Amino acid sequence: MRPSGRAPDVMRPVSITVGFARHAEGSALIKIGGTEVLCTASVETKVPPFLRGQGKGWVTAEYGMLPRATHKRGPREAAKGRQNGRTQEIQRLIGRALRASVDLETLGEIMITLDCDVLNADGGTRCASITGAWVALAVALRTLVDKRVIRKMPVLTQVAAISCGLTADGCVLDLDYDEDSNADSDVNFVLAADGGIVEIQGTAEKAPFSEIAFLDMMHLARSGTGILFAAQTEALNAAQSGAPAP
Amino acid sequence: MRPSGRAPDVMRPVSITVGFARHAEGSALIKIGGTEVLCTASVETKVPPFLRGQGKGWVTAEYGMLPRATHKRGPREAAKGRQNGRTQEIQRLIGRALRASVDLETLGEIMITLDCDVLNADGGTRCASITGAWVALAVALRTLVDKRVIRKMPVLTQVAAISCGLTADGCVLDLDYDEDSNADSDVNFVLAADGGIVEIQGTAEKAPFSEIAFLDMMHLARSGTGILFAAQTEALNAAQSGAPAP
Amino acid sequence: MRPSGRAPDVMRPVSITVGFARHAEGSALIKIGGTEVLCTASVETKVPPFLRGQGKGWVTAEYGMLPRATHKRGPREAAKGRQNGRTQEIQRLIGRALRASVDLETLGEIMITLDCDVLNADGGTRCASITGAWVALAVALRTLVDKRVIRKMPVLTQVAAISCGLTADGCVLDLDYDEDSNADSDVNFVLAADGGIVEIQGTAEKAPFSEIAFLDMMHLARSGTGILFAAQTEALNAAQSGAPAP
Amino acid sequence: MRPSGRAPDVMRPVSITVGFARHAEGSALIKIGGTEVLCTASVETKVPPFLRGQGKGWVTAEYGMLPRATHKRGPREAAKGRQNGRTQEIQRLIGRALRASVDLETLGEIMITLDCDVLNADGGTRCASITGAWVALAVALRTLVDKRVIRKMPVLTQVAAISCGLTADGCVLDLDYDEDSNADSDVNFVLAADGGIVEIQGTAEKAPFSEIAFLDMMHLARSGTGILFAAQTEALNAAQSGAPAP
Amino acid sequence: MRPSGRAPDVMRPVSITVGFARHAEGSALIKIGGTEVLCTASVETKVPPFLRGQGKGWVTAEYGMLPRATHKRGPREAAKGRQNGRTQEIQRLIGRALRASVDLETLGEIMITLDCDVLNADGGTRCASITGAWVALAVALRTLVDKRVIRKMPVLTQVAAISCGLTADGCVLDLDYDEDSNADSDVNFVLAADGGIVEIQGTAEKAPFSEIAFLDMMHLARSGTGILFAAQTEALNAAQSGAPAP
Amino acid sequence: MRPSGRAPDVMRPVSITVGFARHAEGSALIKIGGTEVLCTASVETKVPPFLRGQGKGWVTAEYGMLPRATHKRGPREAAKGRQNGRTQEIQRLIGRALRASVDLETLGEIMITLDCDVLNADGGTRCASITGAWVALAVALRTLVDKRVIRKMPVLTQVAAISCGLTADGCVLDLDYDEDSNADSDVNFVLAADGGIVEIQGTAEKAPFSEIAFLDMMHLARSGTGILFAAQTEALNAAQSGAPAP
């Protein structure tokens, strides 16, 4: 039995609300159980120096955690004067995943920055960030089309992310903080709605794990991302129809 | 006529919700018009080096703004590697104001850090931070008494803050972003419920202003903080009775 | 009786000497009792990016304290790698106060940086900095007119600053370090020679203070700045006539 | 045909030399084709604060690249004042991988820092770092036993790492810089000699990739790490017998 | 003819005043021509970690330049967040020179920090700093003996420094800024009153220089430091007799 | 007898190998006894801002030490976020010495950065860096001529550096780490092949030293650099003939 009482293949409740941030071109507040992340998409009509003049766009991400999003207050990175290695690793992952989801050629010389700020943390914040940021990105792209900043909606592969772990209870889906702290190994899967793999990060925390366990976790991840894809779609539809997301 | 259509002495709608942050000993989400700040109080049972062994407590504050809380995305201070002067000025103000509100001797060797993070900005974020942080602090102190970490509730002077400004429309209460950007001068008042002055920061943005204008603004501030004191009390009562704040 | 033996409304001796810094376009060494600040005005014929092409000038300030200006040696900020919050708060205050004193439109696309470096500290360094920097600024503007860099002297409102405090001896003028460390509250007033308010920063260090005490302190400040305005004028006259200031 | 003329499942030549660094408790210079990394293991008899008093050891890693290890000189991170995100991501990966390989309980309160510095770069530097650092770690542990700093050799799972990629030539083993820059996706595998998975980092650079491609790459990685395990063993044997590695 | 009209072996006027800094255990304001440096000695009764428990003292130095000590305003190092290489090179030189002058064993576990801050710069600031800091150090040691913090005056070798240069006018003594900017080479000599060499830093700015030129410069330096030793002694005597220095 | 058994005027074995770094325009791996430094020359076709449009080139240097080049692991400067004073002092010395060796006018608007990274340290790393960097610079200049980036080889004065010291064994040549740590004084000489002095840095570590000792050390240095000049020439010849250096 998992600490939360969930069966191995059961996710925590998911909700995604579009529009929490009043000024951003796109935003989504995503809650997965006790984890809550505010994702915003900010548009600039210029690209980083290495891309200038190539007619291509860029998508990047920054990640942060409010000091008291966690059980114990963590030092504020702005006050310490540097982002720690974990933060940098996570924001690089979010950026790569979202960049892989959008056709940057069609986007044109536009940069979209996805800020993912964790308001409450209970495990799985990097996966929730990717899933929520994808929604914020979709809203921002739609806004750009509506405002005729870009002529045509770029192809946008639907992408979501979920963690799986090998615990004393076997392979389980969607680790919360308690499970994450004690898992033998955990794997973060970023998957596309068409079944493709966008990113895999798997780590043996205690001892190496087997290929079979890995494949079990990938199976669970496919089922979990199915639920996330539905939640993303529902949030986008609700936003478009003017109704609040459930 | 003010840009928002408000009369000179009318505040924007205020709401304060206790408990948004799941892990903090005390938290309050305060909304004043389009400004929204998450305030958390974090307790540690040790004080800074300069206070050790004196039996006194300490209250301090940190302030941050999510990169896209504003019209235009601002650079993330953690990524830049330093907090800018405005941030430092504001967090020092919040810390002084809250420190003046609580009897640090009775608190004992405990440090409470108030984190004020702006989720949406539309003017008045430093004042909203003080008003919300006071509620978070009150909840945290109550928690400490309930858990018997401290034996006795320290005296806590009720404190709230509001900005006033001298604009083309004369002296007005509770500037929003539009007014703040164009005001001739503005004054932030931190006042106690018993009428005492905790902090005053007044600045002539364009030309020196008169003592009469200053006294007019103080008068408006007294009326505005009256509304804030009521909202603070209501939020604390709602939290204690288990009901959600309105 | 105050620790220094002064009556409540008596300032410490003031002296301002123009020209201590050999290379600066304007400079003033101001002494107020045991506090001594070297203020220099440096002129550049370009403005910060946000002002370019608008035909307006800019005035900004930086503040520093020599490591052994104080009773106990403080760490050198350059060696620590960051300016602390107090430094930033003070230099922002000096900049705002001086910016409010000069007509930036007439100045044209010129930036003047006021460096205020404390050589000896005995309380009131931020106020002495503003009072001295105003003299350095006036000298620099005159130099610019003399060298025909600008065609016309911009309007320059005379500005000076002084601290007042509420102590065990009641409201007093011009706190020295001993008084400042023990005051119940203190207020820094930046006033214009025509009576206008440029900036007010008041802080309750121990308990909230009353509006009456505040008004008493403003009354003292008006009398104190009168003496400072005279010292500024005398220093400028002495410099112009080639004679050393007294 | 691959740019280097290698068949898809062919690695570049590998050589590992023990003892390049004269002062380190363990060191290995690893060359894989044109990539060359100096790995050192440094022993300290104290552990980080979070582990003190628990009787457990710690293994951590730092990674660096000499400024001109690459085609174009990169800025020196020490001069810029911060390690970039890529560096932090890589050194966290090396640390996790090596930590998973050694029994930290048997090690006792000892910290081993693995420094991996790239002297020449031609793709695959993070994998070469892990493979070389494992040798340096093994030498250091043997030294600790020889010098009786620890009584018993901790269990040390043999670990090596290799990159695979999906390119225009299909799935290929051991990407060099040319291939790495153009691959559709690449996966870094850290595997144990007994077949277990220690870490997987897979990234779709252009478009999501299929589970079948992923499994193909894992198959190639198993074959590649086989060669690396042999090279590690040979280097350790050569070092022990006093003969130079081939 | 030198730009200043001085003969090759003529120094600029020198004056040293003890006691400018009110709070420091020792201080000296040294002027050499247009160069003016405030040197303070600050005493702490603890030594750096690497010396603890050895019964020996430590002397160290920090150097700074006020932003407008120079012709053109330089950026404030505290604002930039780092001391530049020149500053570090100079403060290391001052520290080494002064450390070599005092018997650290007799001093005991005491640390003296010499802060040298340039108020006006016209060449030769590092040499003036050493010469002035030696006076501040001597005053501080005397103070420690007077206050019975140490029982016995440590042996203090008298040390002073002067620059020489090879210019279009041949070898010259005591370069001012104009000469320093154009010299073919320059050498800073730190010499002891008994003729010993404490430190030599010679640099060919344009082309290598000959051993003969070097020896000529050393000869000039011996004559120049003779004048500095007399000025140091006079300043110390004046301070002791209570009379102001000339 | 010296700790190493060498006579006072005997250097350690020297070897210089051209071409260790695969990508650099010029590189040299220099070994002097147990000290080993990798020197690379990187060419950019642009100069720093202060030189733009003057038709002159620039040569600069950066220095680093691998964390475990030393007996005890030192903290990685990139991780600490700043280069320490010793590093800055050394890299400034290397840059000045090499700049003095080359005719920057003939070079034209080209910048050459010399990176000197210490792989193994046993005393004399700054001198070895200069001697090796000169070879890397010579190779890079030759490459530029061969590739017709510059039309004509700039005059390049041959430059090498060696340390001497005054120890219990009298004046000795080429200090190793043991001697360097215990020397009474040491002097680094950077000399040109034609006998000219490029740079002298002499320091009394314990007590001032005499002019006679200084001249003895300069004599030793002339003999030592003779050996280094031969080794530099041999390495360049070997590289040009395609044969490996001895």
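General observations
Order as written gives the chain letters A, B, C, D, E and F; numbering starts at 1 within each chain.
As a convention for this text, a residue touches a chain if its C-beta (ideal position, glycine included) is under 8 Å from a C-beta of that chain, and two chains touch if they have at least 3 such contacts.
These numbers come from a predicted model, not from an experiment.
Looking at chain A and chain D, no chain is in contact with each of them. Listed by label, the chains touching chain A and chain E alike form an empty list. Interface equivalence for A-D, evaluated over C-E, B-C or D-F, points to B-C, where over half of the contact pairs coincide by residue number.
Taking each chain's centre as the average of its CA atoms, chain A and chain B sit 32 Å apart. Centre-to-centre, using mean CA coordinates, chain A is 51 Å away from chain F. Of all residues in chain E, those touching 2 or more other chains are 81-82, listed in ascending order.
If you sketch which chains touch which, the chains form one closed loop in which each chain touches exactly two neighbours.
Think of the chains as beads on a loop: from chain A toward chain D, the beads read A, D, F, E, C, B. For chain F in complex with chain E, the residues that touch the partner chain are 82, 84-86, 88-89, 91-92, 96, 100, 157, 185, 187, 191-192, 194-211, 214, 218. Of all residues in chain D, only 20-24, 27, 34, 38, 40, 42, 44, 62, 64, 66-71, 73, 76-83, 87, 113, 115, 117, 119-122 touch chain F in the complex they form.
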